[in-house]
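The next part holds the structures, each set out as structure tokens.
Presented sequentially are two complexes of chain A, the first with chain B as partner and the second with chain C.
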Partner chain A sequence: MSAQPTRAQSQAVSLVRRRPLQVRLRDLRVSGWLFLTPLILLNAVVVLIPSIESVAYSFTDWTGLGAATFIGLDNYTKMFGNSDFQSALVHNVIWTAFFLVVPMTLGLFGAYALLRIKRFAVAFRTIYFVPYIVASVVNASIWRVLLSPDMGLGRLLGINFLGETRWAFFSVMIVNTWAWWGFLLVMFLAAMQSVNPSLYEAAEIDGASSTRQFFSITLPSIRPTLMFLGLMTIIWSFLTFDYVYILTQGGPAGSTELLSTLLYREAFTNLRAGYASAIGVIMALISAAAVVSYLWVRHAKDWEM
Partner chain B sequence: MTASTSIRTSESARRGPKRRQLSVPTLVMLCALAIIAVGPIVLFGFNALKSQNEMAQNPLGPPPSWRWRNFATAWSQANMAAGLTNSVVIVLGTIAIVCVVAGCGAYALARINVAGGTKFITYLLVSSALPTQMFLVPLFYIWTRIGLYDSRLGLIIIYSGLFSPFATLLLRSFLITLPKEFEEAARVDGASELSVLFRIILPSALPGLFTTALVTGLSAYNEFMFAVTFIQNSDLLPASTALFAFQQGYTKDYTLISAAGMIMIAPMLILFLVLQRRFVEGMASSGMGGA
Partner chain C sequence: MHPRLTRRSLLSLTALTGAVGLVGCGKSPAPPVTSGSVASPNSTPVQYWTFFQDKKNEDYFREHFVKAYSGPAPVEITVKSTDTIDRLIQTALAAGKGPDVVLTPGPSYVPAYDKAGYLAELDAYAKKFGWDTKFAGWSLQASQIDGKLISLPASYESMAFYFSPEVLDKEGLKPPTNRGEFENFCDTALGKGKIPLAAGNADWKAANEWHITVFLDHYAGPKAVYSALQGETAWTDPIFVEAISLLKGYFQKGYFGGSVSSYFTNTFPTVYKQLATGQAFGMISGTWEMANLPTYFADGGSGSGTNWGWTTCPSFHTDVPTDVWDLGIGASIALNAKSPNLGGAADYLNFLTTDTKTITAAIEAVSMQPPPVKLSTADFTAKADERIRRLYTELPKAQNIGYTTWTFYPQQTETYMIQEFEKVITNKTSVQDYCAGINDQFKKEKAAGKVPVAPKPAGLGG
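Showing the complex of A and B:
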């Protein structure tokens, strides 16, 4: 008599508690989007809407002020026939190739060396990472002095690094590499540290040299990181702006002009916002091509990230 | 990606290939790389302490005597007080917005598992791969139209938009590693979703939020392209573009430019040296630092 209501009660309690929770979690899968709303709004205002506008404006003669008239593909046909655009594109391709080889090699070499030393590895890593956390404006003024023909290495070697067409582009690439490679080293080191140590032990027993171990164990093991950073290098190399803009403004005689600095000047100095938008769209398409081929390779070879 | 491995350097020192005594050539190379990495910065610090005359005669050596007053002169001439104040406002504003926005977003993606969450993550990745220059121009004119051009708030909103996707992914990867039992118990006890977020998740996510704040703050402090495009008023310039204006301006006194540059990087250098593991962990777990 007294047991009956207690059981009913406890059943009722468990019903009250359990069902709403499941319902709630199911509802949450939809209402949870509320938590994403601020992110979506911010992204829409800052990235998505202006990007869509950019595509639209690329088909117009918009100056940035006033109305825009639709002119079809004129901007694109003009762009590909324009020598400034062509040379900027070539510079970007050289820049990308350089950054895929030089900083990557430095980063790989440095990380592998740090992986094998007993002491001071953290200290070296910290030192190598410092240029990466220094603002590009400051790095640029550091190197402007160092490369200037009347003060730094320039005076020592008698070369006007940033003022001569044959040196300027190479100099800017070196400065950006200097600021950048420490980041790659840190990423590679983190990846290398998670490689299964028994692989090295086996190689050690087989008497494989450390160079051999690097190419047959380390490199294949960190391939996902290598691929990913390769992709990011391609994407970021088209974004490069700061060092060129601060050190040379694309000069002398356009020898350091990149698509990003060309776009910037067309938009804000020459007031050809429509044309600049078209350059931006081409840059986005190049990035997209890099991402798609990366995903395709990853899928085709069944590599995981 | 591999955050956990980078923080456990001392432990992983026992893993990896067999550690030998440093061979001399390797050590020489590592030291050479170290000199190349920080040598220019040290030299910059030296130049900040020279007189113009000393710098002209001896541009690549240490200062004969330390002219600390260069820093005072640079501080006032380069308008660094205003620059640093503006930077602090912009950086803290960005951090606050990014932490809230990315915190909520990461919670939805890591814990609630919202429908279509994976697709949304792909969208975030793709939108971060878009060249910033592509939306820079229309954004500039939108900001001009709605009165956000030449305002610190305008720049804060842009930075929040730029940095929050990455911050969301970073926090999400952190939240995924936390145990779920506490929040489930809280839900069973009838706690609302907001109180689950603020009373259960938030306290345990604080280390992740701290890393996110550091990485976001560093990016906002160092950012250049949007700062130079969106702020013209010399009273509102953040440190990065105040310094740029100073070196573009009439002064050709490199000792003062160096001193102003040292003033700008000092806070970040100190923060980095104190918290270097967190920085490195945050950067390495992302793979999205930006060039």
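Showing the complex of A and C:
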């Protein structure tokens, strides 16, 4: 009996083998969609539909109550000519620049220092991280008391940190930095711990100082984390709301107003939901521009994440 | 091979969700309910969302305004936070739901709710329950939109000058009645290292408008304000510019809160403590403070041992009388046009706002701010606090009335006045520009018919 299959047998076997593969592929597609469907529906309901509605409302005079009337680009032209919007935008840019420099630097150097100590490293890491996990309303309330002109730092230094227009914005940024930098530290520390130790050993044998090692080994090695956190800092800076709202509500006299607090005020206090939607659209476009720029730079420099 | 979402399928999904969103955006408002006749009540529980300053007030309300109510349908209340109740009610109404009895921030905001078609007209109920004989006429006028009654005033108030008689006696001062006395009062306080007037807006930015109201009514005067509210005088008129300039000058001298920066960070507890301990000599605020002050003074047990007193705010201009009462409606109540029990809700609204026996008992027990229903000395028992009884028996007979910004000014003009005022006292905006901004905003809202009806400044009679 020949071991060779006949042509008909081969075709039959081939069909048997091919059909399960097609079925399997179809099953995979179906199951993929099945897994994705809840997420897509959730995103559509919570993100996509409200986003599209926001864009649509930004071309209307909607008050947040009742019907909306189409007014074209009126909200956008008013917005760019409005001094409150301009001031909030400038504050957001300053806020972003500050958070790209101060907490990032603190986090980087803090992580590098923690990487080099053996004793109490976990305790320090915990201490620095705790403000990040405490609710912002609690942190802000504590700082409101600390900065009060009647007690704490405010009284000690004779400065009304949250009441004087020249101090308020800086004070709010410091409070938010205090709560935020511990998170960056932990992220940077995790990235630094994954750097190959032999690089440091080789550098030490070559006589490289700690500073040199930091700039020549650590920084290049954690560049993906650095870039990612930089990008997220830009996006989060334009979404910041809680600390400003709790500490100053954008005051005094608009000195701490950000786009997010302005949006909230326009939507819920001034009942100008259409105008607030236009502010939201601009905020989203700025974030999108940051993401696109980041992707472009990454692509141009051929950086890996 | 990985199963993948094609670009086409994603685009289809986007288009579908987008279409759903745009359909939602283009919805028309529900037509307003025209109540030529009253709806019959049924047994569906009446829903009412409200808020309370503290648990004591909540417990009292539940006992005397919910359990004690014996109308055609039971009442169920839902307690919300003070900060979010308006937003929650607005969202619920927009979704075609919400409470049957709708609490709003006052006449300034009612037109927005009404325009959206959320509220039922109340004229037929007014006739049924005889509200025109129970409420002060001005308050019903202010609750009308285009000649139709849309809401009822839930509480009314005035601005007042508070002080501690013991502190002022010790300092040899009296509550000021005119500009000269006021400046002497404040300068004396500053000279002694004290705060002239306890004030702050850290807890409530809208506190700015309390002071704006007082200076417009007591410097420019009720006649000028009334004329501007009618659109006959511009808000850029020198009399208004002078009023705001005077207020700005007083702020910058430290009369309010000790300094401009302290004003921005003083919380309400700080303000009350300053007044109760004699650290501040006086306070200009609303009559709602009569419920808050006892805790900080001798009445509250844990207070400072001093008492509090009040009088009307001083006149800042020789042409303005010394007894101007700044009329205000703290909140307005209306009926949800989509209520499944409109008749039952109307019955409860009537009980809530006109049952004088329950209302006076609440004034005496928890210093509740009553609706502007007609009360007389005879309505109060001997237990009533004399200071509070005096308010609610004298205010309805006021011969000179002023206009609070949160009652008689349209909503966006009011919010502009509150928000931009901080720029005035920090020299970021000139008084002239501020008044011009008010004028621009007001003109738009006047043209849109959004200015509440104000009574003439002649007085309330009585």
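Here, the second predicted complex is superposed on the first by the 279 of 305 C-alpha atoms of A that agree within 3 Å, B and C clash if a C-alpha of one lies under 4 Å from a C-alpha of the other, contacts with A are read in each partner's own complex, and residues count from 1 in each chain.
Quick note on the criterion: a residue touches a chain if its C-beta (ideal position, glycine included) is under 8 Å from a C-beta of that chain, and two chains touch if they have at least 3 such contacts.
If you're wondering where the values come from, they're calculated on a predicted model, not measured in any experiment.
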**Partner chain(s) touched by A:Met151 [first = chain B, second = chain C, both, neither]** = first
**Request:** Classify the contacts of A:Thr177 with the two partner chains as first (chain B alone), second (chain C alone), both, or neither.
**Result:** neither
**Prompt:** Looking at chain A, which partner touches more of its residues: chain C or chain B?
**Reply:** B
**Message:** On the A-aligned overlay, A:Ile49 touches which partner chain: chain B = first, chain C = second, or both, or neither?
**Reply:** both
**Prompt:** So, A:Ala284: does it touch chain B (first), chain C (second), both, or neither?
**Reply:** first
**Prompt:** Looking at the overlay, what does A:Leu162 touch: chain B (first), chain C (second), both, or neither?
**Reply:** second
**Asked** Touching A:Ser221, do we find chain B (first), chain C (second), both, or neither?
**Response** neither
**Asked** Given the touch rule stated above, what does A:Phe268 touch, chain B (first), chain C (second), both, or neither?
**Response** both
**Request:** Would you check which partner chain A:Asn82 touches, where first means chain B only, second means chain C only, and both and neither mean what they say?
**Result:** neither
**Message:** Quick check for you: in the superposed arrangement, does A:Gly64 touch first (chain B), second (chain C), both or neither?
**Reply:** both
**Prompt:** If you lay the two complexes on top of each other, which residues of chain A touch chain B in one and chain C in the other?
**Reply:** 25, 28-30, 32-33, 36, 48-50, 53, 57, 64, 150, 268
**Fill in**
The residues of chain A that touch chain C in their complex are 25, 28-33, 36, 40, 44, 48-50, 52-53, 56-57, 60, 63-68, 148-150, 160, 162-165, 249, 251-255, 265, 268-272
**Complete:** Residue set of chain B touching chain A in the complex reads 1-3, 5-6, 9-10, 12-13, 15-22, 26, 29-30, 33-34, 36-38, 40-41, 43-44, 47, 55-56, 59-60, 97, 100-102, 104-105, 107-109, 112-115, 120, 124, 126-127, 129-142, 157-158, 160-162, 164-165, 168, 187-188, 190, 193, 197, 218, 221-222, 224-225, 228-229, 239-241, 243-244, 247, 254, 257-258, 261, 264-265, 268-269, 272-273, 276, 279-280, 283-284, 287-291
**Request:** Spell out the residues on chain A that touch chain B in their complex, using ranges where they run on.
**Result:** 17, 21, 24-25, 28-30, 32-36, 38-39, 42-43, 45-51, 53-54, 57, 64, 106, 110, 113-119, 121-122, 124-138, 141-146, 150-153, 155-156, 176, 178, 180, 182-183, 186-187, 189-195, 197, 200-201, 203-204, 210, 213, 217-218, 225, 228-229, 232, 235-242, 245-246, 259-260, 263-264, 267-268, 273, 276-277, 279-281, 283-284, 287-288, 291, 305
**Message:** Applying the document's contact rule, which stretches of chain C touch chain A when the two form their complex?
**Reply:** 1-5, 13-14, 17-18, 20-22, 24-29, 86-87, 90, 93-94, 109, 112-113, 115-118, 205, 259-265, 270, 411-412, 415, 419, 422-423, 425-426, 428
